[in-house]
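There are two complexes below, and they share chain A, which is joined by chain B in the first and by chain C in the second.
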Partner chain A sequence: MNRQSSNNELLPILLNGDRNRGLEVVNRLLEEGKDVITIYEGVIKPAMYEVGELWEEGKISVASEHLASAIVETLLGHLYYRIIKNSGTNKMVVVVTSVEDEVHQIGAKMVSDMFEIHGWTSHFLGANTPIDELLDFVTKVNPTIIGLSMSIDLHTRNLEKTILKIRERIPEMPILIGGQGLHEEGKEIMLKHNGVLYLKDLQALEKFLNQAHYEKDRPN
Partner chain B sequence: MNIIKSDRNKIEQLIAFSTGMMSGGDGKELIEKHKEALNGITPYDMLYLEEYQMQMGITVPEIKRDINKILNVLYEYLKAYDWERPEEGTFLYYLMLENRAFEFRLNTMKKILKAYKGRELDELGSLKAELLPHLESFAGFEPHYVKKENILFPYLEKHWKEYKPLRVMWSLHDDLRRMIKELIGLAKSEQSEWMTLNRAIGNYYFGAFGMIQKEEIIVYPIAAGTIPKEDWAEMHRQSFEYPFPFIDRPTQPAEESGSDTNIDIHYSNRLEIELNGPVSDQFLQRATMIFDSLPLDITYVDENDKVRYFNRAKDRFFPRSPAVIGRDVRNCHPPESLHVVEEIVNKFRSGERDEAEFWITLRGKFIHIRYFAVRSEKGKYKGVLEVSQDVTEIRKLQGQRRLLDWE
Partner chain C sequence: MKRTGLINNILTNWRNEFKLSVAESPSIYIALFNVSGELVFANKTIKKTFNSSLTPAGNFLNPSFNKLVKKEAKETTIYTGYVTLGSYDTENISLLGRFYRKGDEILFIGGVDSQQLLEQNKLLYNLNSEINNLQRQLVKEKSLLEEANAAKDKFFSILAHDLKNPFNSLLGFSDYLIENFREMEQEEIEEQLTMMRDSIRQTFNLLEDLLTWSKAQRGKLNCKPELIKIKEICQEVRGALSSMAEEKEIEINLSAGDGAEIYADPNMLKTIMRNLLSNAIKFSFRGGKISTSFEIEGNYYKVAVHDNGTGISIENQVRLWNLAGQHTTRGTADESGTGLGLLICKEFVEAHDGKIWVESEEGKGSTFSFKLPLKK
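Now for the complex of A and B:
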């Protein structure tokens, strides 16, 4: 991605650490009638991807990356109270977490919010949840689905280990996987394990949550 | 044509094993007795087994009745069969990915059912309301079965000598179609009882999971081992005629290059009607455009009962793929309706009849389906033309409209 020509208005705000301007942008988008997927998928996610790339290339410091993440988490928190009104209106429960050793949690939080918007009860466990702790929690709340997020592809082994451990404990548990770290291998992992669904982005999650028939994808 | 090899002695033992299972024998005892044959059993053996069963006069409904039971016992043996898994970008890869996504949805609904455990009778209304969107989404898996029937099966018929067991699979597709329709009806009905709904869900799940199992431990491994590479590419290309249920639509492979005046491969595949004298590309293109512009689904089967042509009408309600060209018409239908196809073809051929018609409702549309005998000027039988039309709006017409009205 060419950041010189990036037109993501949130990116410079995050890089400058300007929390208030970030809130202004989000509020304006809501007032313009933008839905949550558009804000998450079209504005926040690409901005954070760019922040991640800048950090990987050594163009920004760890501190700047952390600052940007902290601002985004504030924005998500702010959005949460403005948009989520249906949480817990159906009987479905999801546990969403990042895999063990994965320190990024913003993608998982967005996924958790999407479930809540659709009336699910969501237990968001955040980043780097140890596998055994996750299993204990899952056994306790017995969710309808477990969502596992992975931002860095180095954690593929942990993801697969988690899937297998969940399978051992609760054989039929539906496991949703996603995140930037799975763009290459998501489908392969899905094919390898029964009852695992890889969703590449929030639009795909939205389709799933709407129980879309995918008939619309049919070409004329 | 590939000759699928299998050990005759092993097959005989398998027949004895399956006959024992079908007549209610003890599974454990039968496994012990035939364990030598069961160890190292391959998907090819299963295909032979079913082929022999059919040759022995065991009917499709009889095979269907016990196939899941037998496969459940043999699952562990068959699962161990080593075969080359399809790579991303291939027809089979996406069929398998669709299965994973379907399993995920099936398991998700199962969890919802568990959440209601013990309270089903008290909260039946809300349970039905919660299940309904899931059941409706399961009906959206239909294109997966259509792709098998219209793309995979025709290729398998070309490469497998023992393709008759595919009829059992097609019949099982139809069972699943009927079951999900009934289930949706039960979930929508205020009168339906929990016991009936629960039983119907159980049967559907048994069938749906059983189908995935049959695909992945028998049909796909044999298909991967018998269909040549060049055919897989064409199958993948044809699959873009259909949706990819529950997964993201893959990137479509680029069309082979060619100028505008060249006949598209679809056209050449579909227009195999014998014509006297040379036919220009332009003529074929025009004819194709004309037939494709008709508000009718047209399929032509020649005097040798082979599918020779179908048009590509907008919003075709009976899907067809180029793979069906050259296919025997008997293989284009599930076994339950085979006798009807044969009766029409035979009576047209003998000259006893010239037309047959049916009308059905399909996804809320009223469809009129007609069959016409095609004869030469001298009255010689030249095949059957199937013409299907959505007459929903036509049936509502009343009075007259004699002036143009585009409003």
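Now for the complex of A and C:
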């Protein structure tokens, strides 16, 4: 488990399931001029990592972890109005999902939001997307990039299976991979497969999006 | 007797009863393993929880059995805290419990954290209430958005149609005059100019209404009530509408007592009265009668405008005050309108914290009433 220090202000709020206090914190950060990416990467993510660590250490139950996740999802929803303003302003499309059997989706949601902040149209498919359903959707939508998220390292096999199946169907499709479960193996998997890029955090994704030059003819 | 003494007493004197309660309790989870992970004993409760696709030891997700075996014991305790059963791919539960080790055996005893359950139950209930409230708020805001959207559509529709058309007539009249005024009789010129003026006045009124209504939509209405003599308002309004009423030979009874006063913003009140009366004229038949009444009713001053014209059907009455349902109807002499008049009346009355309503029967006539609070 990747240990990070957290902004402990949010942690007790998440553990207490205090949605309103969570919103107060987020609103205050916005008033202080913090952007969405800073709030995601610097505040919410460390707090959630710490929740995970507390569960691993047996200090909180899985129910508390689920509650914390539910509160975070509310906070993401609250921030969404800031995100959709730019959504779809460029022609690029991304499909973002957690791999099959992966039930965690908050990281993937944040990634999807980042794409939308940068003007992409993002199709967020949520957690535990079966591989075949993902392939059918991707074939229908024809995105510019696919983003795959993996929070638990036990799902590496499913991730690689997904990459191979995408390659079979759409050989040229660029794939981004990321998530807490890839901290040890992300680079290795990236090097194993063509057209796969591992981004270790949202800052790396932000850099990628700022530099991306994709020319894709899309029919109107 | 000390606490430990009491427990010993129970264990000694109530051994069988204790055994039965613990082993059969749906809240107590007991499992005994040897260090190689082989299950030696499990009570019914934990057996029911075990996922059959995993080994019994494999059901311990966090801490894992392998981790536990490596832990050092403090006396016999090797772990205290939350224990999660299940797997990452399936449902899992957390119990509060302890692992003990004696020689080659590892014992787990745990249970549901009932305090946490109660707290989370309460939290869930509160969250659920909040979600319901948010849902209602969303519905309300959706409705407001729809209204705002309809207002915007209405605005553009009026601009595109009702404001544009009079200019066509004005252009026509002025072109005709420019080409023909030398040959025209004075009376004819006067007639043309009168028609132009009437058209301009109508357009101007429309523009005023549009701007007023737009102000109301943006929340920029400034209501400044003062005590005003109703008689003066009536005289002004009668003057503005006399030619319209005379054209249809409609009798208007619009008078109030000399001393009668109302607490209202004068300009808003004039607009309300003018709109209600011009509507009454529009929907009255030739030779019809319009009457008004002014009276104090409780803490309000009530004004009513009654006509014996076409009346309004029940379905249309419902749509009168709703912008999204707005439509305009031509008058008995084919007079046109924008449908903004009543909406403006409503905005102005409500700016006074007043109320406006209609009572009507199709074919028999209508009474439009409004009441404004008396001066406190």
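Keep in mind that, in the parts below, the second predicted complex is superposed on the first by the 202 of 220 C-alpha atoms of A that agree within 3 Å, B and C clash if a C-alpha of one lies under 4 Å from a C-alpha of the other, contacts with A are read in each partner's own complex, and residues count from 1 in each chain.
To be clear about the criterion, a contact is a pair of C-beta atoms (placed from the backbone, for glycine too) under 8 Å apart; a residue touches a chain by one contact, two chains touch by 3 or more.
Here the structure is a predicted model, which means the values were calculated and not measured.
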| item | value |
| --- | --- |
| First (chain B), second (chain C), both or neither touched by A:173 | first |
| Partner chain(s) touched by A:90 [first = chain B, second = chain C, both, neither] | first |
| First (chain B), second (chain C), both or neither touched by A:17 | second |
| Which of chain B and chain C A:200 touches, first, second, both or neither | first |
| Chain B versus chain C as contact partner of A:190, first or second or both or neither | first |
| Most chain A residues touched (candidates chain B, chain C) | B |
| Chain B versus chain C as contact partner of A:58, first or second or both or neither | second |
| Which superposed partner A:152 touches (first chain B, second chain C, both, neither) | second |
| Chain A contact footprint on chain B (complex, rising order) | 85, 88, 93, 96-97, 100-101, 103-105, 107-108, 110-112, 114-116, 126, 130, 133-134, 136-137, 139-140, 143, 240-246, 248-249, 314-315 |
| Chain A residues within the chain B interface of the complex | 90-93, 142-145, 172-176, 187-188, 190-191, 193-197, 200, 204, 211-215, 217-220 |
| Complex contact set, residues of chain C against chain A | 62-63, 79-84, 88-89, 92-94, 96, 113, 116, 120, 123, 127, 130 |
| Residues of chain A that touch chain C when the two form their complex | 16-17, 19, 55-64, 67, 70, 101, 103, 152, 154-155 |
